[in-house]
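Read from first to last, the chains carry the letters A, B, C and D; within each, the first residue is number 1.
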């Protein structure tokens, strides 16, 4: 079984790049399931029904998210109807949507879980406590378990990787929009990367127009941001899972950089 | 000219790995200058005279640092006597030590500058204002200019990269201890990477014993940390600079992962 | 019934001031129960068995605390044996100690609860969820319920006041060490103050030597702090509770400022 | 000379309360100058030309502000034309507007200065460095100097009070919207209070509708805030300054609480 994990899709440039690269990659790498972080798909902030449909049309099978999931208000109108769109499971109860889903494929159940970190992020429920609690269920019902841990600091993400090593199939980080080079099999067999990176415009700061962000850093005053355009980066991780053991056996980090014009 | 930039050296394991890999790399890659971030070299926090000497003996030519530079008190006794040991230039005046140095080599002046970010870090002087001010001098006096931008967030680092594109030879990030995969030549020719990553123990959280860090995340109570041991990771970036134009022409990201035992 | 709530006791100067003012106040105001925040009683950080005993000898009946409770390691040796020493209830399970206690007096049960805020503080369990859960028990078993909400921001404290208005007898804030002037009966009858203020040295910053704190703000470097000495401030709130209705009927804010020398 | 300092005016309720109480107070207390923090006067966020005019019509002589000053975009159209409207002086250069002004009255020059803290606030220029620099000028040109230090933490505000004790006439804090009870003459004669408190709706969290704020704390999701209405609080400090020595000799804290309905 081959699973492709794709980082935060940023705005139109990100959606276009997804459509351009994902179908070919799925063929080339014999991908069975594509898990995509969509929290920035609608103009860099949030998800609309339209951008969600674009992600599905590009080949996304499961959509994870993060802190930006609520930025477009219409999300609450459809999140409960989408079986394979999830948001961090550690939002306090009751929150719209769900924090994990089970995707059936080839006689296997793939559990996909989304959590948010708390270091330099909103003080949600403890992701470590929450994962223990959810794994009681997922471990019983799933053959493969994947976590998208949407967090700011490398320390919280790495800590989560070690915490789950041997307990889940794969832990990937998202949120910082820069791919890290530390993809690896941890000693107990869990596939891990600190951050998948984004799919979005290269000439940008995390997908947003760079000059506005620089201005905000320089002035300490509020500045209006727009999504950037131009050449894209596409960031993903392919994980090959042994069909007998259900364990990750190989990782391939994928980073496509379109040339600067 | 070939410059090697090495990320935060963490504790004894980091110093040992530096000694093990740096001399061979310098030969193999024909490195002319090695710039090393030493802020965590003494038991994970700070620099002592002894650990500084170890870094030099391993082949470091210039030592940069960051927020942990002050953790071992003895630093203030020797920092002003060390011509090639620098700390972030945006500490408020007057601070011990200096924020940049000029290293003469082969009839060229290599300016090396250290700055700290402010997002989720202490509120030091503005790194963007400060770099403008220092570059007035360095641009006049140096052929090659390298910045170690010690910062937490990808957004502040990337913003700095764009801010300096075409104005300096190379911008590298440090502080998160995880190497990013985005090494590149920016459109105006500046070599850039968001984070070099660390040199330290792999079975750890940023160099420190993992179980203690996990416990702190789970309990929200203070926990005592020690540096970890075991197999090391060595993270660096080699930048080849054209001798005529003084511009970066090629980058090679280096990541050595010792096997988990 | 008259209850006296006293803010964070800071170091030796705070303990001495408590001993000087509390016994007389208890007599003068016919105080039945004195609830004291002791988190800073041991050299400004934490509680030892000795400083705890001093608080009791000065007349404390119940001791609340906050984020500094763990700073002296010996706390874990005795916190479980102290029936009337509590720590924020929203530390993740399992934590040493307990988050509330029930103090029996004059045929009434006084429930005292301690919670920590999360804005600009460690990301503990949600204090709003936690208080709902604990109140299910306390409401059944207690006649009077007092909350010490140890939090940084005025917004989180005020929000908690409104959240509990009419559900508990009294909500007092602690942690900022400065008494606020907004003591009042909220519309549904809950007695409220945003912060009690501290008992400690006036010539200080929150109880610590002022020059060191100023130096830290000016240098952005780590600075060693010691507790300050000299004239004290004593900060408290007396709440008169109607014996028939068990509702707060009158508040008196108490602020004793010893003269600057 | 009598100076009245009034805390953050919050929305329509705050402006109405200002109009209701300020003129009478100015007469009753023989106030010569009224200094008002206006950062929240326009719907709780920012200042418009209209709300500014309302503040002046109510009797404001000088308007200070804080982090919210930029929230209504039109501010940049008129801030440079308003001689007595100031914003924190430690915004990085160049920023619209000015950080201090000199108000001439009765053959005296009253220097009014505005600074922002940095603890849990944007990383602006250092307020301690900045105040040293500005005081060089103001000390020469002014008889009386007043600082509105707009900051979050009690520690940064108190540190500033001690830093300026004996160097300026008066230091008042703003931003937390809750009046503190620690008004005093510091040992070297500077009048000081940690926070003036707000002028705005009592049934609110810092002026905003309380249920929305509680919901945000409970859900960790974005929630839209509106200003609250209903009975008002009016918070101020009157400082009497000796005409011969130009030193503060007496402080009177003013807190008007309209009854809950």
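Definition applied: a residue touches a chain if its C-beta (ideal position, glycine included) is under 8 Å from a C-beta of that chain, and two chains touch if they have at least 3 such contacts.
What you see is a predicted model; the values in this text were computed from it and never measured.
Novice: For the homomeric pair subunit B and subunit C, should the interface be classed as same or different, according to whether the shared residue numbers exceed half of all numbers used?
Specialist: The interface of subunit B with subunit C is built from mostly shared positions.
Novice: Counting C-beta pairs in contact, does B-D beat A-D or the other way around?
Specialist: Greater number of contacting C-beta pairs: A-D.
Novice: How many angstrom between the C-alpha centroids of subunit D and subunit A?
Specialist: 44
Novice: I need the residues of subunit C touching at least two other chains; which ones are they?
Specialist: 92, 123-124, 126, 129, 218 - these are the residues of subunit C that touch more than one other chain.
Novice: Help me check something: in the complex, which residues belonging to subunit C touch subunit A?
Specialist: Listed in rising order, the residues are 92, 118-119, 123-126, 129.
Novice: So in the complex, the part of subunit D that touches subunit C is made up of which residues?
Specialist: 120, 126, 128-129, 152-156, 158-159, 162-163, 176-182, 184, 186-187, 194-195, 197, 203, 205-206, 210, 213-214, 217-218, 233, 253, 255, 257, 260
Novice: If we count contacts the way the header does, which residues on subunit A are in touch with subunit D in the complex?
Specialist: Where subunit A meets subunit D, its residues are 70-71, 91-92, 95, 122-124, 218-222.
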